[in-house]
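All chains are identified by letter, namely A, B, C and D, in their written order; residue positions are counted from 1 within each chain.
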Amino acid sequence: MIELAANRYGKAAIRLVRVARDPGGHRLRDLTVAIALEGAFEAAHTDGDNSMVIATDTMKNTAYAFAQDHLDGSIEDYGRALAEHFLEAPQVDAATVNIRAHQWTAIDVAGTPAPDAFVRGGDGTRVATVKATRGGTSVEAGVEDLVVMKTTRSAFSGFPRDRYTTLPDTDDRLMATRITAIWRYGSPDLDADVTFAAVRSTLLEVFADHDSPSVQTSIWIMARAILERHDEVEEVRMVLPNLHHWLVDLTPFGLVNDREIYTPTTEPHGLIEATVRRGEA
Amino acid sequence: MIELAANRYGKAAIRLVRVARDPGGHRLRDLTVAIALEGAFEAAHTDGDNSMVIATDTMKNTAYAFAQDHLDGSIEDYGRALAEHFLEAPQVDAATVNIRAHQWTAIDVAGTPAPDAFVRGGDGTRVATVKATRGGTSVEAGVEDLVVMKTTRSAFSGFPRDRYTTLPDTDDRLMATRITAIWRYGSPDLDADVTFAAVRSTLLEVFADHDSPSVQTSIWIMARAILERHDEVEEVRMVLPNLHHWLVDLTPFGLVNDREIYTPTTEPHGLIEATVRRGEA
Amino acid sequence: MIELAANRYGKAAIRLVRVARDPGGHRLRDLTVAIALEGAFEAAHTDGDNSMVIATDTMKNTAYAFAQDHLDGSIEDYGRALAEHFLEAPQVDAATVNIRAHQWTAIDVAGTPAPDAFVRGGDGTRVATVKATRGGTSVEAGVEDLVVMKTTRSAFSGFPRDRYTTLPDTDDRLMATRITAIWRYGSPDLDADVTFAAVRSTLLEVFADHDSPSVQTSIWIMARAILERHDEVEEVRMVLPNLHHWLVDLTPFGLVNDREIYTPTTEPHGLIEATVRRGEA
Amino acid sequence: MIELAANRYGKAAIRLVRVARDPGGHRLRDLTVAIALEGAFEAAHTDGDNSMVIATDTMKNTAYAFAQDHLDGSIEDYGRALAEHFLEAPQVDAATVNIRAHQWTAIDVAGTPAPDAFVRGGDGTRVATVKATRGGTSVEAGVEDLVVMKTTRSAFSGFPRDRYTTLPDTDDRLMATRITAIWRYGSPDLDADVTFAAVRSTLLEVFADHDSPSVQTSIWIMARAILERHDEVEEVRMVLPNLHHWLVDLTPFGLVNDREIYTPTTEPHGLIEATVRRGEA
């Protein structure tokens, strides 16, 4: 017998800009939204019966329509409004909305922010994922593509050596990574903008402040600090590529390279992932 | 209490080319390899203790060294040799090796394949993932980035309409997608090259042959055919973006556009995922 | 005094698919088109006067409308129809149309090509650029992203050595490159499909056949062959990155690597460009 | 007769990080460097004679070696040192060095910049190109990928209408673009860091401040301001894609969309290029 197992569908890469034309200056939101539904969609697969299939085009339209009334607050609140709307359809068991927020800043004109002109930029992308089910709504927030580097206070030594090991121990290397950090809140009811800013600050400060004996330990130290300082957070998941920077050998040119000139590389790279959470006492 | 939950680490994006210099003509393998380990790595996180941490640089070295003796057969066999090698370390509970194979073809010179010159190309990328644990070794194979289109025999109608629905029913649309299809074998002991080619043919033939009332149904029809025709396969997972092609409105120019001129788009796109498997009788 | 110098404008990234629904099987064209105009556009810059500025939206509409009647033949003919149309506007001195053609192949179903299902792929992208001016119309054709490799018969030695030179001479290296080759025809009146296929074959065959003492010489040999064999071609311009493949040092593992295992790299890469043409006798 | 015409070669995508370990805090430079030479390289092409061909690997080594002594100042000064070094070889007629500088900022820890931890980010990429010839050295500076948006004060109307024109006139649209702006200095002897910052400020301020009747006029206004305010600059070249943002039609949902909700798009896009310079009086 052949059967349908896990399945879901939706609309991805919905691009949306909202301009709030406040008298004191425009506010700009630039989002990429993805919506996915799970539920009673077996007949759509096995019988070609679309009577339960909310069109993904309808999802896109809903994302635009809801941007008018539900996007004055946090992206988490907007995602929640969308997810809970789709959950109203009886065939839907779970609606997941993922949002990436692209950062724009008012252009500085002689010390004053322009009211109606912006430059895109910043460091990393803020993300949020809201999942609504009959059992409740969960909210995850986080950052992606937050590229950071420690120029000292990073080591890697004491690892096992076998026939294929050539890497020397080091007590002072560059450590660069592109942080993906996603944290889950205990409740969807919170001021998500304030909490996001606070958690992000913790993440960056602890990255800057700690001594790193390995990327694994760095994840543990950063995630633990987030959990210790922010009661709203239940769990932190991190994915950290190790973007190696190799010291260039300048001795053929009669030069000494004392941790000064490096070659950044992307292929290959280490890839370290871990989840840290509140456990049973 | 704060605790470490799921974690793994490894080396990704290991680029590797192997040239087998056979007298009758060179054979070329061009792979991107990723290796990930799970196991007793808690102390590496919480204590900065690297004594159990096989360096990701060692993983890379091993991938190169093993390419010499273990890459004459399928990429699945190479992946298995690597995964089972890393499982020999007692602290490792699971070793996963993912391989992407980039396709090169001997250049045609006046009807004869060149023995030592190649062109890169083809359609889609062959992938394999081997996971070795104390309980045994599992093998998944598949394709990524296999971009296909049906120029007719694709419909989408009968879906529910609400306040936000504007999409009309259609009984003849273009259907284009970038197939990710991953299938799991019941046993790691098989001629993986022969089976891969056979499953891939089934996938493409059924894509070409069937009438599609929705992307969901297309997944079901293709996956079921793979399971019906290939006993080696236990489960098929597909991810199909719906790469919309919109009919261009030429009426302002006094022209009739009878399913001839389309605008391909990538943002937004539908995204349909499902797993189909052999179930209990 | 401040003055306007060279300027041009247009529409880029116009995506267009055309399906010719022939009874014997559909024919599929998938193009990315860019249109640029030069001419009497000074007032648009300096006075904000748009009365001469053909809207780039109009260019896009024209590209779609012309796809119906002018795209049964080669992309060069389609580009010419578009370019000469825009030249009809008196303010236009030069209209340039660049076309990239994405390759689709009918899916093979048990030995027969499907009439209405296609797979995207192939090696390299065919490109064409047509420029129409009052003095006449010029046509360039070519390929981009044609990735090729020679696994032997490539050397690089005898280069000068200074304080900063560490590269050893080699008489047998891998040579891999991503060919951009653009050739200009002496006249726009030709069967551009037939000539394109012939020139492309020459390019690949000579790449496969020749002994390469350097990328520079390879360009010369390939371009000269194109000019010698194809009277329609007046000039060939090539851009060849040298995509280095470094032999992996396996000696730490007790292995000998006799030109078998390589690391492909993209950063940094050599970049060699040259134009070869018919000169004065 | 077949002859070699324009040609050049070099090394591209040289990735380089330099850490200056000052007691008060590390300074970080992260560059991508490309070097290209022109000169007496005909024999390399036509005769396979490499005796004049400075290896591109040597160029890379030189870039690393020079980073130690020549990168304490501006990237323009570093580029100049490299370019003038390669020009010392008698066979070289022109040496061009292009540098892209990736921006890192010290991480803020409770109001204080970390001495040894950085986050990558910012808006746009600073670029410089230095070309050294026997006749002298020219320096260009600029920005790439500087993405900006005006949420009002941008119009496009009064353009000609023909059979293929459907775009309505608008007196209030979003204008978004990804600025490439390159300016040439009259002399290579200047404080390139100070001037870069000043010109970049002018560019952004004028973008924010002006009323735009078209992208063409915006280029003129911005470039003219740069030339008027910065005597060091002789010429400004700009490439501005028009990244269209379309107002979403919400009327099917009973909503009014008064310049609030937009769909950003990238395909197709307008593309406007112009050079503005000091002319003869």
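Simple rule for what comes next: a contact is a pair of C-beta atoms (placed from the backbone, for glycine too) under 8 Å apart; a residue touches a chain by one contact, two chains touch by 3 or more.
As the structure is a prediction and not an experimental result, all values here were calculated from the model.
Student: For the interfaces B-D and A-D, which has the higher count of C-beta pairs in contact?
Tutor: A-D
Student: Counting only C-alpha atoms to place each centre, which chain is farthest from subunit B?
Tutor: The most distant chain relative to subunit B turns out to be D.
Student: Counting only Cα atoms for the centres, state how far subunit B is from subunit D in Å.
Tutor: Roughly 38 Å separates the two chain centres.
Student: Quick one: subunit A and subunit D, Cα centre-to-centre, how many Å?
Tutor: Using C-alpha averages as centres, the distance is 29 Å.
Student: Please output the residue numbers of subunit B that touch at least 2 other chains, ranges allowed.
Tutor: 15, 61, 65, 164, 166, 252-253, 265-267, in rising order.
Student: Under the stated contact criterion, what part of subunit A meets subunit D in this complex?
Tutor: On the subunit A side, the touching residues are 15-21, 26, 28, 30, 61, 64-65, 67-68, 104-105, 107-110, 114, 116-124, 146-153, 174, 204-205, 207-209, 245, 248, 250, 252-253, 255, 257, 259-265.
Student: Would you mind writing out the residues of subunit A in touch with subunit B in their complex?
Tutor: Contact set of subunit A toward subunit B: 1-15, 34, 36, 41, 44-58, 60-62, 65, 89, 156-160, 162, 164-167, 213-217, 219-220, 224, 227-228, 235, 241-242, 266-281.
Student: For subunit B, which residues are in contact with subunit D within the complex?
Tutor: Touching subunit D: residues 163-164, 166, 252-254, 265-267 of subunit B.
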